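Some structures to go through are shown next.
Consider the two complexes below, in which chain A is the common component and chain B and chain C are the respective partners.
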Partner chain A sequence: MYVAVKGGERAIDNAHSWLAEERRGDTAIAELSVGQIREQLALAVNRVMAEGSLYDPDLAALAIKQARGDLIEAIFLIRAYRTTLPRIGHSRPLGTGAMACDRRISATFKDAPGGQVLGPTFDYTHRLLEFRLAADGAVPPTAEAEPQQGPVPHITGFLNRDGLIEEETASDEPPRDLTREPLEFPASRALRLQALARGDEGFVLSMAYSTQRGYGRNHPFVGELRVGQVAVEMDIPELGFAVEIGEITLTECETVNQFKGSKTEPPQFTRGYGLTLGHTERKAISMALVDRALRWKELGEDNVGAPAQDEEFVLSHADNIQATGFLEHIKLPHYVDFQSELELVRKLRAEAGQAGEART
Partner chain B sequence: MTDLNQYNFAYLDEQTKRMIRRALLKALAIPGYQVPFASREMPMPYGWGTGGVQVSAACLTPEDRFKVIDQGADDTTNAVSIRKFFERTAGVETTERTAEATVIQTRHRIPEEPLGEGQILVYQVPIPEPLRFLEPRETETRKMHALEEYGLMHVKLYEDIARHGKIATSYAYPVKVQGRYVMDPSPIPKFDNPKMEMAAIQLFGAGREQRIYAVPPYTSVVSLDFEDHPFEASKVDQPCALCGAGDTYLDEVIMDDEGGRMFVCSDTDYCATRRAEGHLGALGVPAEDSAA
Partner chain C sequence: MGKIDTRQGWISLLAKAPAGALARRWAALGLSPGFTWLRAPEIGGVMVRGRMGATGAPFNLGEMTVTRCALRLEGGAVGHAYVQGRDKAKAEQAALLDALMQTDAAAEVREKVLEPLAAELEAAAATRAAKAAATKVAFFTMVRGED
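And now, the complex of A and B:
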């Protein structure tokens, strides 16, 4: 006897409470605090802020806790929260030249005004598991220097002075907002950068990597990579001047790319640009490479049919919240469609069988 | 989500609803045309009905009675989840009765009971572009719609016939709306296609793909076919085992390890109503005796 599958509601409620229990894990082990996640899993927090497009380390840490460490789920929580926030206004463009840099490196010049600052990086660590850390997380004090004062000029600016690198066209046109308007193609560079900045780190990384391996090669040098704090200023109409409303950590990457010239452009270096929230340098570098690959049209380059050159392909598939939602929706019931496919296949098979008998 | 009181009626803010309503009006003015809209991130995943949810949110008023079905059933998990969402965020009355609902959100089915004027049917749409699997580029497909260039679709249907002797599309079967736009009816079985010429307003929301489209009441909706291979709304040649209906779309239910199966109405409300009226199928029990 067939019993209708009822009780979806109770199943959902029970699943939620089981999930909450699993999230907590063994209660004999101390519970993680949001502060611990924010301070000790800072790079996870940064990724959630960058791809969630919301600069709030506490909320990002909370999202990571709630998502049991699933960063895409945490990004989803942040996105869903962000979309409900009212838009009070927008800040002035950030001046990354005035960044208080924790890290600033150039691969194109041995030294440059402002100096090379290695900062807190994994780069030259040996990837050996530190078993001591399992027992004792105490760290010896780090040497400190006086912070540098004053602006840190951009390295690409030095090249620009000689006309060796393409001039960035200045525009006062307010950029469109990807989260408030539907994305339409062809997209402006500003929109492309917005989409890449919130795009999935893994996807953008793989796209960038593909250009390095020859699928739309644009031979990049890291002209400069900088990580640090930048002041956010906002014009307050009632006051008539801009007020600093806070400070955020950003990662900025400018690549310098070889360019032999095209029908319309003389030989010179060209640029790729990456800017991401928090300390997220793998993402910022990847973004710069993909940005450069997507600029083939404006630079008069050939489209060699590489995936990273394909704006529709890259922008339509970079967002992990869209991707994971659609991918995972195939877990939903599809039995109505499956039923109609079943009938079709049965019918086609029956007809094929009849045709087979008729032949013999 | 803890405190939903801090959210606006039906979750979305009024600015967003206005933006969606504008898109809806445009969609109704150009039947079958896909209107881009600034889809918001909803607190449920893309691909799980975010487009339909946004359209419903923009349509609901406090006086509405809301019904949600998935695969024709009110009690499938995602239908339950969406209905709960609006119970909490809009506080609207909900119902499982098709006739009593003013707004019905659906995934993959059109209710069996004919809808009337004053009702709105909101479809959840995964891929709004009927030409997408023939041409992956949005820039190209928009051009094809603009030029009414649908040859590619006809070639595809023709190739089906050449290969299989019939059109091998059983759901999301493409339709032409008011003699102009080729439209994806969402993944409803083609059995439901003829119902799309109806008295109710049909709205389609694709959240991830940021598109809204619509079919106004009494608009012609023609399933694509050929003169010598006319469209056929097929279903299993069986009556419902529970209510005995011979004209409804049926789900196949596997009953045991020996290949035993039964066919039952996918529209749970329709089936239950018929049983309450005394109609019984081969395996049916009277409604009041049913444990469900």
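And now, the complex of A and C:
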């Protein structure tokens, strides 16, 4: 049977113009500017940049406005835009040790060199609604103190000195890029980290939480969490040297995890790593826990069948744009598919009816 | 201001300078040299890489937007720009300044553009660092029990 598929154009046009009107809302209320979103909804902007996998606060703010605040829709817009950009090249690996830290805390060492710097955090707030914000936006001036001199050292560096924690193997091997080739399993740790860095915050959070609740438990401590600005350096062929092409805000989390040792390794701490674009610390901590859980094989640990240890499960379902694309497509017309299902069910019912009559 | 003494240093400074600040300094300089494009401003993406555990093997973290261009002044000096974001005017100004730094105008560009921009960036970074320092926890130990 042939089902007519034309005739929706006018309805679609009208739906889109109504969408634009609904997006604007009550015109008696001032319109939100992209700059206001960028400055005042900065953490939404950061999430869209991290999962859109494109650092550009203005574009992320525009996407949030266009998507009426639906962050996954905004991430979708950023991903679509990203594919239109010619790839100019790649940066040198970031030197997060030189980060200008807004925030830097360690849950393992109280007196870590560089100190516990809280930064602009929700931690220790009472989570009570501030009705003052609904009234006026005036804020008291922020306190300042004598800035610390020099870069803040990584906490894992101290443990490394005593051999108490596994060493990261230094390498300059160019990593594979899942935006350029399909993800295949088993995936390298580089590909896993790339997939997690752009993965859905809710999904990665839930996977991390599952390891804490016992599904592949690996006893993490947040060795260090830092948020701040890092210069991005890139080799410029026509110049013959590297220059800084900009500065981005990053969140980095290093976990320190229990490890009983193996045939070749003495008991020591192991590491999970999270690095995300923007100030996105829930995501960075989650990423570090899931990174560590996925390292079971290289560390010679048992696969206890926990979801967070299953890289195919984790990496195939972490991307919210892939997920929502497949999920939401089922609301689009499937008239022909359904027609054939309908025919099939009718035929089966007719056969079952005949068989029933034959028995009686 | 040691950082702006090299070409690497001033190109980096121009890339990191906020577009508004750069445009103001460029306007104040009052130069409008003739030039031809070697590469008209082009917006693209640069894949930013991190290192596993901050010190290990590299991985692809995500991209950033970058605008690049190259031009030649009538005198022959060639200027390049690679600047974060999608601002073609900023890239053009950065490339012109890079080229001018290779001409007799270098001292003036340094004095009127590079040095004030570097000072602005340093001041902004120092203010953030000072705010961060004010949130540093000062632990003290409570003495309890006898003696």
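The rule is simple: the second predicted complex is superposed on the first by the 350 of 360 C-alpha atoms of A that agree within 3 Å, B and C clash if a C-alpha of one lies under 4 Å from a C-alpha of the other, contacts with A are read in each partner's own complex, and residues count from 1 in each chain.
Heads up, the rule we're going with is that a residue touches a chain if its C-beta (ideal position, glycine included) is under 8 Å from a C-beta of that chain, and two chains touch if they have at least 3 such contacts.
For clarity, every value in this text was computed on a predicted model and none was experimentally measured.
Q: Sharing chain A, do chain B and chain C clash or fit in the superposition?
A: fit
Q: Among the partners chain B and chain C, which is in contact with a greater number of residues of chain A?
A: Of chain B and chain C, the partner in contact with more residues of chain A is C.
Q: Between chain B (first) and chain C (second), which, if any, makes contact with A:299: first, second, both or neither?
A: In the superposition, A:299 contacts neither chain B nor chain C.
Q: Just to be sure I read the superposition right, which of the two partners does A:325 touch: chain B = first, chain C = second, or both, or neither?
A: The answer is first: A:325 touches chain B but not chain C.
Q: If you stack the two complexes on chain A, which partner ends up touching A:107: first (chain B), second (chain C), both, or neither?
A: In the superposition, A:107 touches no partner, neither chain B nor chain C.
Q: Just checking: does A:9 make contact with chain B only, chain C only, both, or neither of them? Give me first, second, both or neither.
A: The answer is first: A:9 touches chain B but not chain C.
Q: Using the touch definition from the top, say if A:42 reaches chain B (first), chain C (second), both or neither.
A: So A:42 meets neither chain B nor chain C here.
Q: Have a look at where A:82 lands relative to chain B and chain C in the superposition and call it first, second, both or neither.
A: both
Q: Would you check which partner chain A:156 touches, where first means chain B only, second means chain C only, and both and neither mean what they say?
A: After superposing on A, A:156 lies in contact with chain C but is clear of chain B.
Q: Between chain B and chain C, what is the tightest CA to CA spacing in Å in the combined model?
A: The answer is 11 Å, the least C-alpha separation in the overlay.
Q: Pick out the shared contact residues on chain A: the ones touching chain B in one complex and chain C in the other.
A: Overlap of chain B and chain C footprints on chain A: residues 82, 86, 179.
Q: Under the definition above, what is the set of chain A residues touching chain C in their complex?
A: 49-50, 53-56, 58-59, 82, 85-94, 96-97, 100-103, 110-111, 115-121, 142-148, 154, 156, 168-175, 177-179, 189-191, 193-194, 197-198, 229, 231-232, 234, 236, 238-239, 241-248, 252, 254, 271, 273, 275-277
Q: Would you mind writing out the residues of chain C in touch with chain A in their complex?
A: By the definition above, chain C touches chain A via 7-8, 11-12, 15-16, 42-66, 68, 70, 80, 82-86, 125-137, 139.
Q: Going by the contact rule at the top, pick out the chain B residues touching chain A in the complex.
A: Those in contact with chain A are residues 7, 11, 13, 36-43, 45-48, 50, 70-72, 75-81, 84, 107-109, 126, 136-139, 164-166, 168, 170-172, 187-191, 208, 210-211, 234-236, 241-242, 249-253, 255, 262, 264, 266, 268, 283, 290-292.
Q: Which of the residues in chain A end up touching chain B in this complex?
A: 1-9, 11-12, 76, 79-80, 82-84, 86, 179-186, 312, 316, 321-322, 324-329, 332-337, 339-344, 347-348, 351
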